[in-house]
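Here come two complexes built around chain A, the first alongside chain B, the second alongside chain C.
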Partner chain A sequence: MIDCDVHNDWSSSNVLLPYIDPTFRDYLLRGELPGARGSFPHAHRPWLHPEDFRRHDIKPTTDDEHYSFMREHLLDRYQHDVAILTGEEALEVSTLANPHYASALARAYNDWAVDTWLPRDDRFWMSLIVAPQDPQGAAAEIRRLGAHPRVVQVLTSHGSYRPYGDKFYEPIWEACHEMGLPWAVHLGGQGGINYQPIGGGPTTYYWETHALLLQPAMTHVASVIANGIFERYPNQKLLVIECGVTWLPSILWRLDANWRALRKETPWVKRLPSEYARDHIRMSTQPLEEAATKQQLWDVLRAMDGENMLMFASDYPHWDFDAPDDMPLPPTWMDKVMDANARQVYTKLPRTPVPWQLDAHKEPAL
Partner chain B sequence: MAGERAPRAHVVCRADELPPGGRVLVNLDGRSVGVFNIDGQLHALHNRCPHAAGALCMGPVTGTTAPTEAGARTFVYTQANHILRCAWHGWEFEIESGRCLSDDRVRAKRFKVAVDQGQVVVTI
Partner chain C sequence: MIDCDVHNDWSSSNVLLPYIDPTFRDYLLRGELPGARGSFPHAHRPWLHPEDFRRHDIKPTTDDEHYSFMREHLLDRYQHDVAILTGEEALEVSTLANPHYASALARAYNDWAVDTWLPRDDRFWMSLIVAPQDPQGAAAEIRRLGAHPRVVQVLTSHGSYRPYGDKFYEPIWEACHEMGLPWAVHLGGQGGINYQPIGGGPTTYYWETHALLLQPAMTHVASVIANGIFERYPNQKLLVIECGVTWLPSILWRLDANWRALRKETPWVKRLPSEYARDHIRMSTQPLEEAATKQQLWDVLRAMDGENMLMFASDYPHWDFDAPDDMPLPPTWMDKVMDANARQVYTKLPRTPVPWQLDAHKEPAL
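Here is the complex of A and B:
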């Protein structure tokens, strides 16, 4: 079983001090922070979870506890084969106006994760977090660490300065393609320099906003296809992590219809948008929509070829965690969604898929 | 049904009423047909779009962009005056072949058209 979204948190951003470039060590050490010492430099979203966005049954304080609790509550409990680490606050570097500081923080996070998280558990594989507002810096980081045998993807927040198909990001796509790494876009970065994470203007409440997390993801999917990223980089994958799932077929239907009429506007787009999506885009399951009936959910998932497009993710240890032993998916899809699909995308993982066996991954009764 | 009738030749107009760049729309045995003169060649198409039965032959005759490389994202204008864009949703059709540019499996219906003794004659 492969879990595509596991958050490896820290006790304090001070863990980055030994890893960050000296120029920016001063910033982190003495510079202004959004909270107390130990908080992470970023611009926070204007929607604050009224009860904290982490699960309340898991409250690690030390760095060792961050790992040991994860092992207990996730890795051992559900018998994970692979956990893809996606960081925690580091993703929020995308909100900073200073691209140099943002890239320095991303580099420090990556080195810290390689140094302290990977050695803890051989089920760990990691994402390279980059600062997308600094495309050259991000590309350099992808080339610096992208060949690490445990680095399986490049990760940025879905909140963004511009849609990710925009020419501005060409260096990042180029570097991803060169290093053979998918670009994963994960919920986050909904503040600071990132432009309008919610269409129509800022919503009011956390839960309301969280339900709309699909909005920027829709934008990126449309933008990446319309700008011909997959024509230019034929093996490139875009992974959509924690942005919901069932909106995809609807957006692809709309994109297909519009492209049929206005293909002349983007002559580099040579196939139906849905065909590019089928070949190049994968989505993580969490937070899977809770439809009124399983049948309704399955109808939509079938319309997007969910059997081949979806990859399981738990989003441990957040409040909207999905447990692997309770996935409301067609049983015949489980081998692929829980394991094989991710192995196709993350090519550094061992090649042989592990068939799904509910008993093996079932949470022991409390 | 229309399809079961033997083909019939219909005089549409005088040839000099349809100069290069011209178009006439006629109703032939209950079927709406557009006849186009493209650079001196005549083409007759069913004015019923294969997409959603829209007014195909009332759309602009134009050119389009040729497929280009995604890297450069450049534009090459091509097939000037050889593309018919459906008046409804704008699907593009090659007038000469009826081929739909965004879906190779889709074809606009074409009819035989010729000039006979100074008259434009469409056979449907």
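Here is the complex of A and C:
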């Protein structure tokens, strides 16, 4: 089983001190931070989770404790074959005004993760976090570390300065394609220099806002297709992580109809948007929508070819964690969604898919 | 058959001169306008339709011609029983910085429509357009004209300064509820003082953007529910016009799950968001999504109880007009979607539903 969203948190951002460029070491040691010493430099959302989005029952104080807790409560309990590490606060570098500092922090995170997380467990594979507001710096980072045998994707927040199909990001697409890495877009990065994440006005409450945070993901899907990324980079994949999934058919149908009527506006878009999505876009499951009935959910998932489009993710250790032994999906899809689809996308993983065995995963949930 | 979105265009905004408050008459006659003399005062979108969203084959030069063209090509051809007039550019008053001027223009539009459109045809019923950035002015307008026997709804653009559940709009909800009128939110109002309509960054092309313009509607749905509008105004309806429909299950499932987990944040929200939606929200069909197969579309529509949630709209005379004789809906839903659902919402219409007769509507499409 492959879990596409496992957060390897740190005890404090001081863990980055041995790794960060000397120019910016002082910023971390002495400079202004958004919280107490040891907090990570980023802007914060104006929507604060009333219980904290990190679970209160999982708050280790050291990095080793983070790992041993994760091993006990996630990796061993659910018998993970692969856990794709997605960092935690490091993703929020996208909110910083200073692109040089943002890229320095991303580089430090990547080196720290290679150095301290990968050696801990054979099941770990990692994301390369980059600062999308610094496309040249991000591209250089992808070329610096992208060939590492355990680096399987480039990762940015879905909160962004512009939609990711925009010309501004061309160096990142170019580097991803060159290194054979998917670009994964993960919920986060609301605030700071990033554009408003929700259309129509500032929402009020956390639960309302969180539900609407699918919108930037929808925007990236449309933008990447409309700007011809998949024509220029024919093997490129875009992954959408932690943004929900059932909104996809609706936006693809709208894009298909509009492209048919107005294709003269983008002559480089040669195929239906839904065809690009089928070949180039994958989505992680968590938080999988909870419909009134399983049938309703499955009907919508079938309309988006969920069997081939979805990749399992738990989002450990967050408030809305999805347990791998409690996925409300059609049983015949499980081999693909829990394992094989991710192996197609993360080409550095061993290519032999592991069949989904429900028995092996019958341990009580966390 | 009831058509919930019929645009009664004007030949020039000069038609408003006899109706507008004297204070603002000079603004229209002598003041700055966004186009040539006779253009309507509003901000314009940065996304320009490459063919114009108004059809080139329907460009009458006088108001009478507008009507006779509409009668021939829409009302008589498809045998409409009811056409709900939704104005045209007047909706864009929401984009103006000066709320007094915006409300004066809305009032002038309403008086002009009562005076010149309603008398033309027994099939006409109208929307009261208000300037949402002027909640007190909008509420006064709703009380001034809301009791007119042919006024069936209050209408604003879906582009807005804040999401419509926000406290700022309380006077409008109060007046709607008092006068027994639904608040209808119609695609439009992108630009000017309004908040960015699309989350995640400024999109590039018209077709891409138009597909994403469901986002502010989604935001209003969430905001109105989260802020308890339907608890404070128990008979109130919110109508979503021209924003697509198949995105609704996805956002309601997300809202339901989040509310269940975090209901302490909004103790005034007593029921599942999807239950409020079922009782209080209705959507017009156009532009109905075009799925790869009818089955896929119907599966999603069933998941949102489309049979009871949808009301037919043609959006005459725009580029993406939906013909009433070509609606890809389950045949057993037609009585409700083409007629009965709208009669439940627009309580001033005669309450006897007209059964849908396919034969009577077999004329060739426009």
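Throughout what follows, the second predicted complex is superposed on the first by the 363 of 366 C-alpha atoms of A that agree within 3 Å, B and C clash if a C-alpha of one lies under 4 Å from a C-alpha of the other, contacts with A are read in each partner's own complex, and residues count from 1 in each chain.
Note that a residue touches a chain if its C-beta (ideal position, glycine included) is under 8 Å from a C-beta of that chain, and two chains touch if they have at least 3 such contacts.
These numbers come from a predicted model, not from an experiment.
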Query raised in the report: Looking at the overlay, does A:244 come into contact with chain B only (first), chain C only (second), both, or neither?
Result: second
Query raised in the report: Looking at the overlay, does A:146 come into contact with chain B only (first), chain C only (second), both, or neither?
Result: neither
Query raised in the report: Of the partners chain B and chain C, which touch A:228 in the superposed model: first, second, both, neither?
Result: first
Report task. May I ask you to decide whether A:261 touches chain B, chain C, both, or neither, giving the answer as first, second, both or neither? Result -> both
Query - Touched partner set for A:300, first chain B, second chain C, both or neither - result: second
Query raised in the report: Between chain B (first) and chain C (second), which does A:188 come into contact with in this model arrangement: first, second, both, or neither?
Result: neither
Query raised in the report: Of the two partner chains, chain B (first) and chain C (second), which one does A:270 touch, if any: first, second, both, or neither?
Result: first
Report task. Could you tell me which stretches of chain A are touched by chain B in one complex and by chain C in the other? Result -> 227, 257, 259, 261-265
Query raised in the report: Given the complex with chain A, which residues does chain C contribute to the contact?
Result: 49-51, 158-163, 165-166, 195-208, 210-220, 222-223, 225-227, 244, 246-247, 249-251, 253-259, 261-266, 274, 287, 289-292, 296-297, 299-300, 302-303, 319-320
**Report entry** chain B residues within the chain A interface of the complex
**Finding:** 51, 64-71, 73, 75-76, 89-92, 101-103
Query raised in the report: In the complex formed with chain B, which residues of chain A make contact?
Result: 167, 227-229, 231-232, 257, 259-265, 267-270, 272
